[in-house]
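Read through the structures below before going on.
Here chain A shows up in two complexes: once beside chain B, once beside chain C.
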Partner chain A sequence: MMYWLKFVLRNTLRHRLRTALTIVGLVVAVLSFGLLQSVVDAWYAGANNASPNRLVTRNAVSLTFSLPLSYREKIRAVPGVRRVAVANWFGGIYIDRKNFFPQFAVDPAPYFSMYREYRIPEEQLRNFLRDRKGALIGRKLAETYGFRVGDTVPLQGTIFPGVWQFNVRAIYDGAQPTTDTSQFFFHWDYLNETLRVQAPRRTNQAGIYVVEIENPDEAAAVSQAIDATFRNSLAETLTETERSFQIGFVKQTEAIVIAIRVVSFVVIFIILAVMANTMAMTARERIGEYATLKALGFAPSWVAHLILGESLAIALIGCAAGIALTYPVADWFAARMGTLFPVFEVKSLTVLMQILAALGVGVVAALFPMRRARSVGIVEGLRSIG
Partner chain B sequence: MMTLPLRYSVRNLAARKITTLLTAGGMALVVFVFAAVLMLEAGLRHAMVATGQDDNISVTRRSAGTEIQSIVDRQQAAVIVSQPEIALGSGGMRLASREVVVLIALTKRDTGVATNLGIRGIEPAGLVLRPQVKVVEGRMFRPGAAEVIVGRSIAQRFDEARLGSTLRFGGRTWSVVGIFDAGGSAFDSEIWADCDQLLQSFRRYAYSSVVARVTDLSRYDTLKARLENDPRLTVDVKRERQFYEEQSQTLSNFIRYLGLTLSVIFSLGAIIGAMITMYASVANRTAEIGTLRALGFRRSSILTAFLLEAVALALVGGVTGLMLASVMQLVQVSTMNWDSFSELAFRFTLTPQIVLATLAFAVVMGVLGGLLPALRAARLSIVDALRSA
Partner chain C sequence: MPDRPLIIAIRNLVKAYRRGGETVPVLVDITLDVEAGEFIALMGPSGSGKSTLLNLIAGIDKPDGGYLRVDDVDITALDEGELAAWRAQHVGFIFQFYNLMPVLTAFENVELPLLLTRLSAAQRRDHVTAALGMVDLLDRMDHYPSELSGGQQQRVAIARAIISDPTILVADEPTGDLDRKSAEDILNLMGRLNRELGKTIVMVTHDPHAAQRAGRLVHLEKGVLNNSEQ
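Our next item is the complex of A and B:
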């Protein structure tokens, strides 16, 4: 066994340039595979943060239709409902269209009692509640654009015309690292009062209602009860759990998610071709040696395992370096992307998949040369000149 | 100067079949990803460009960006429609269509996912303004009736949108009376109905946009300036083609940047593969190179021969990858367009430029992978090389 290990390690060092190049290739492949998997995970992050006791009620026609404000009290009266909050998508532009971050006009008191994962300093929350033009923003958003408490942030409205000024009054942190802290909240009353002057017909409309229920097990029953309340009205509702509401968004862009997933496996096949080539060349050059070893009495399987060991050793070194690089590169990527990916982290499942992929490449690349080394006859092998 | 024949380079590739196959295979995969990305972006662009007509203008509320976020009320629409630059059609009809676009959610047949679809309410001129739209099955909807016609790619993907079935939205039941073909444009992913009927069922007072044809493109700038400065209006006036191109900007940038970044990173793997193969090829033929030099071939001939070998290897991969990618033309992609928030279907489209770009990409990979090994081969001294055998 010791012999074998020594043989394997010495063998990897015989063609240093070739081994080094193969390892670099593996590092690139393992790294990009890990990043792509993390991009796909980031896509689903919103859905994973959803709480089971929150429901979302929206207009049944589609999200672009609003609901009357009068529904708020009717929903609150449905048995099993604890709190209701209005939320409107604002869709404003901060200086340039590419500075994207989500903005919501909300009922602050009930909304932030529901989202307890947003940690807001007591005093800042009070200031926010007191200032009708105040805004409450996430830590990541604040860091990306350098917003500080007391700053004024102008947003150019797309759905609601005009330039809107907001005063940053509070910054929230996430209770968990996966909490989305790239959002921008402000008072729904500010929106509504402004519309009363600008566009009276558009007032008293809620984009969605976020509903907190007493018992997560009753989610289906309460959803049905809410929708039944408004059946055959001018604005019928569709209520679903926060999770399926979020997944609904992801599903609509599923074609892109699938493409990224497919591409992430393509890179594994690319590196498999490179690795298989390296091992095939190595084995071909050493056929004479394998014959010598066999002539000395080593079993054919021992010789074959020599190739397997070398292949696995190269694969694992490349894999380890790739994984080690994944974390800093992912951090750099997340910082560059800013608020586009609210949550971007490398999951342990991703690392496991990286290891499995590298092991798979190591084994598959060795298969063909192993068969050749095992079957080569001593005389034939000794005669070959590489 | 004596140059080595091209056959020397090419036949060397054939000598080690497994190595050549594996290396070219890796390159083919990289080329496939590269070409597929460009094809996807070209398909998206093609769909959007085909949607806009050259002499049509689109008027939306200022900075709304999309028709869904835009509101143009009746008085404003009347001002826009009565501009002198707007062309007249047969029978003196003004070639202007006041339109409303709303989104409804329907369930996709194959995935069961609720998907946002755009419904466009048009006026009679709307069809004249889009000559690429043709009703291919059934008939046009009757004005004043609760009838719709659906785009071809919608009819294929949604059960409720088949010819003869009914859709329920806006408190009414609408029958699907026709299927239209819009030549692969974004309209293929829309449902069309009578504008007044739609406004009424959704209890809307205002239109989303006004689309009109100008008599003469040279008068477009005057019209644009007048409308955008009119104190009664707060609108953006754009050429229709530009309007739709902007609608796909986010998605097209995303595909392009992600795709090209990935291709470049992946190409590192393929270049390394080529390098390994070419280094081995040089090492195995050291004595041969010495002989060639002794026969009088110059260093530059040796360099060229090995570079050509690497390029030929890359071209085998490039052509294979391109052939794989061209099969993708059969695939239609449908996803949500982030700008318009609604479903959009488009195809992988292979253009001559993409073929050239892809082959150039493969050649560059070959040169990068082959350069260092070829330099090593060219630098060998005759005596050492001959002795190594």
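Our next item is the complex of A and C:
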């Protein structure tokens, strides 16, 4: 075995430039595959982080239609419901349109009682609850734009016109590395009271209701009960789990996600072709050596495994380097993307897929040369020498 | 009756190649005996079938007809796997272009056939050292083939050929790629192996000078055995 390994490794290093270029190709492919898979994961991060005991109730017609504030108490009265909070998408612009981050006007007390994964210092939370214009923001958002507690953040309203001033009163951290800390929350009361002056017809409207239920197993029954409460009303509701609600968002951009997935596999296919070519060239050049080994009494399978070993060695070196690079490159990419991807991490499953892809490339690239080395006649192979 | 036991017995051996729809006879009704410890040279012009005959004797090619026994084994009846195991045990190869593995040192090249045996690493080392000593290359055991001259590479190849103490040595133009001095050294070495160790050697050569070192010359002409001279 040691002899075989030595033989394989020395063969691998025989054409250093060719091996190095193939490994570079593999590194790029494994890295690209990992990054693209992480982008897809980031797309689904919201859905994956959703809690099973939270529901979202929205207008059955469309998310762009609001619901009356009066629904809040009616939903709270539905059996199985523990808490209800209003949440309105604000959609403001911070200085420039490219500075995108999600902003929500919420009922602070019930809302943050439901989102226990947001870790908020008690004093900061008290300060936020006391300040009508207060804002509670995530750590990633604060770091991206340099916001600190005490800063005033102006947002140019798009859905709700005017320039809105907010005082950063609290910064929350995530309980898990995957918790979204790119969000900006403020008091729904502030929004509603301001609208009462500026646009009275838009007051007392909720974008969505976030509903906490007692038992996640009863999510379907509670959802049906909520929707039944408002059947045949002017604003019928559609209630679904938070996860379904988030996936609904992702589905709107599903074509992009599919395209990214396809590209990630195309990258692997391209490197497979490159690697197969390398191994085919390698085997063709060594047919005489394989014939000699067979003449000496080595079984065709032993000879074929020399090729497989070499192919796997190249694939695994490229894979290891590609995975090692994936983490720093992903960090750099996440920093460059700012709050566009609230959660951007390289998952263990992604690394596993990178390893499997590299192994697959190593094995498939060796198949044809192995077959050729096994089947070539000794006399024919020996003729190629000289 | 031969003085020594027969090591190779060939009867009515036939071999032909097919090119397109045409059958080209290469060996026609070859009958030949080789005694244990003989050193024979197969001579003949290009295309006469001498290398094909050598390949058949070495078990790396199959005849179309006839009978070929080596050390009482009918090798024409063996399948590929059995032939490979038989070659590992009974045949030592000496090629024109040495056919050493370029990524292995002289020591590792000589050790290669022993990987097919049950010898321990220490036993293999002893055998390889002895074989390299026999070809006077102990001081080059850690050199790669590219660091050796043609003559030295052929000596490594001879050490590899004898390492597993095979029944026969087959040599295909062993001096064909060497200068006169190196060729002389190799022929001397083969002569020693034959005389001192009693190795049976079948050598294909174009070179009459090399052929004279053999104990018997066998001439082939258009696939037919013409004559045999002592």
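Following the convention adopted for this analysis, the second predicted complex is superposed on the first by the 384 of 386 C-alpha atoms of A that agree within 3 Å, B and C clash if a C-alpha of one lies under 4 Å from a C-alpha of the other, contacts with A are read in each partner's own complex, and residues count from 1 in each chain.
Everything below uses one rule, namely that contacts are C-beta pairs under 8 Å (C-beta built on N, C-alpha and C of every residue); 3 or more make two chains touch, one makes a residue touch a chain.
What you are looking at is a predicted structure, and each value in this text was computed from that prediction instead of being measured.
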| item | value |
| --- | --- |
| Simultaneous placement of chain C and chain B on chain A, clash or fit | fit |
| First, second, both or neither for A:47, with chain B first and chain C second | neither |
| Partner chain in contact with A:14 - chain B first, chain C second, else both or neither | second |
| Which superposed partner A:225 touches (first chain B, second chain C, both, neither) | neither |
| First, second, both or neither for A:3, with chain B first and chain C second | second |
| Partner chain(s) touched by A:129 [first = chain B, second = chain C, both, neither] | neither |
| First, second, both or neither for A:256, with chain B first and chain C second | first |
| First (chain B), second (chain C), both or neither touched by A:274 | first |
| Partner contacting more residues of chain A (chain B vs chain C) | B |
| Which superposed partner A:379 touches (first chain B, second chain C, both, neither) | second |
| Partner chain in contact with A:297 - chain B first, chain C second, else both or neither | second |
| Chain C, chain A and chain B - angle at the middle CA centre, rounded to the nearest 10 degrees | 90 |
| Shortest CA-CA distance in Å separating chain B from chain C in the superposed model | 14 |
| Contact residues common to both interfaces of chain A (with chain B and with chain C) | 386 |
| Complex contacts: residues of chain B adjacent to chain A | 18-19, 22-23, 25-26, 29-30, 32-33, 40, 61-65, 68-69, 102-105, 111, 113-116, 169-171, 202-203, 205, 234, 254, 258, 262, 265-266, 268-270, 272-273, 275-277, 279-280, 284, 333-336, 338, 341, 343 |
| Interfacial residue positions of chain C with respect to chain A in the complex | 55, 58, 60-61, 80-81, 84-89, 93, 95-97, 99, 101-104, 108, 111-113, 115-116, 160, 177 |
| Complex contacts: residues of chain A adjacent to chain B | 17-18, 21-22, 24-25, 28-29, 32, 36, 60-65, 91, 93, 97, 156-159, 161, 201, 234, 248, 251-256, 259-260, 263, 266-267, 269-271, 273-274, 276-278, 280-281, 368, 386 |
| Residues of chain A defined as touching chain C within the complex | 3, 6-7, 10-11, 14, 288-289, 292-300, 377-379, 382, 385-386 |
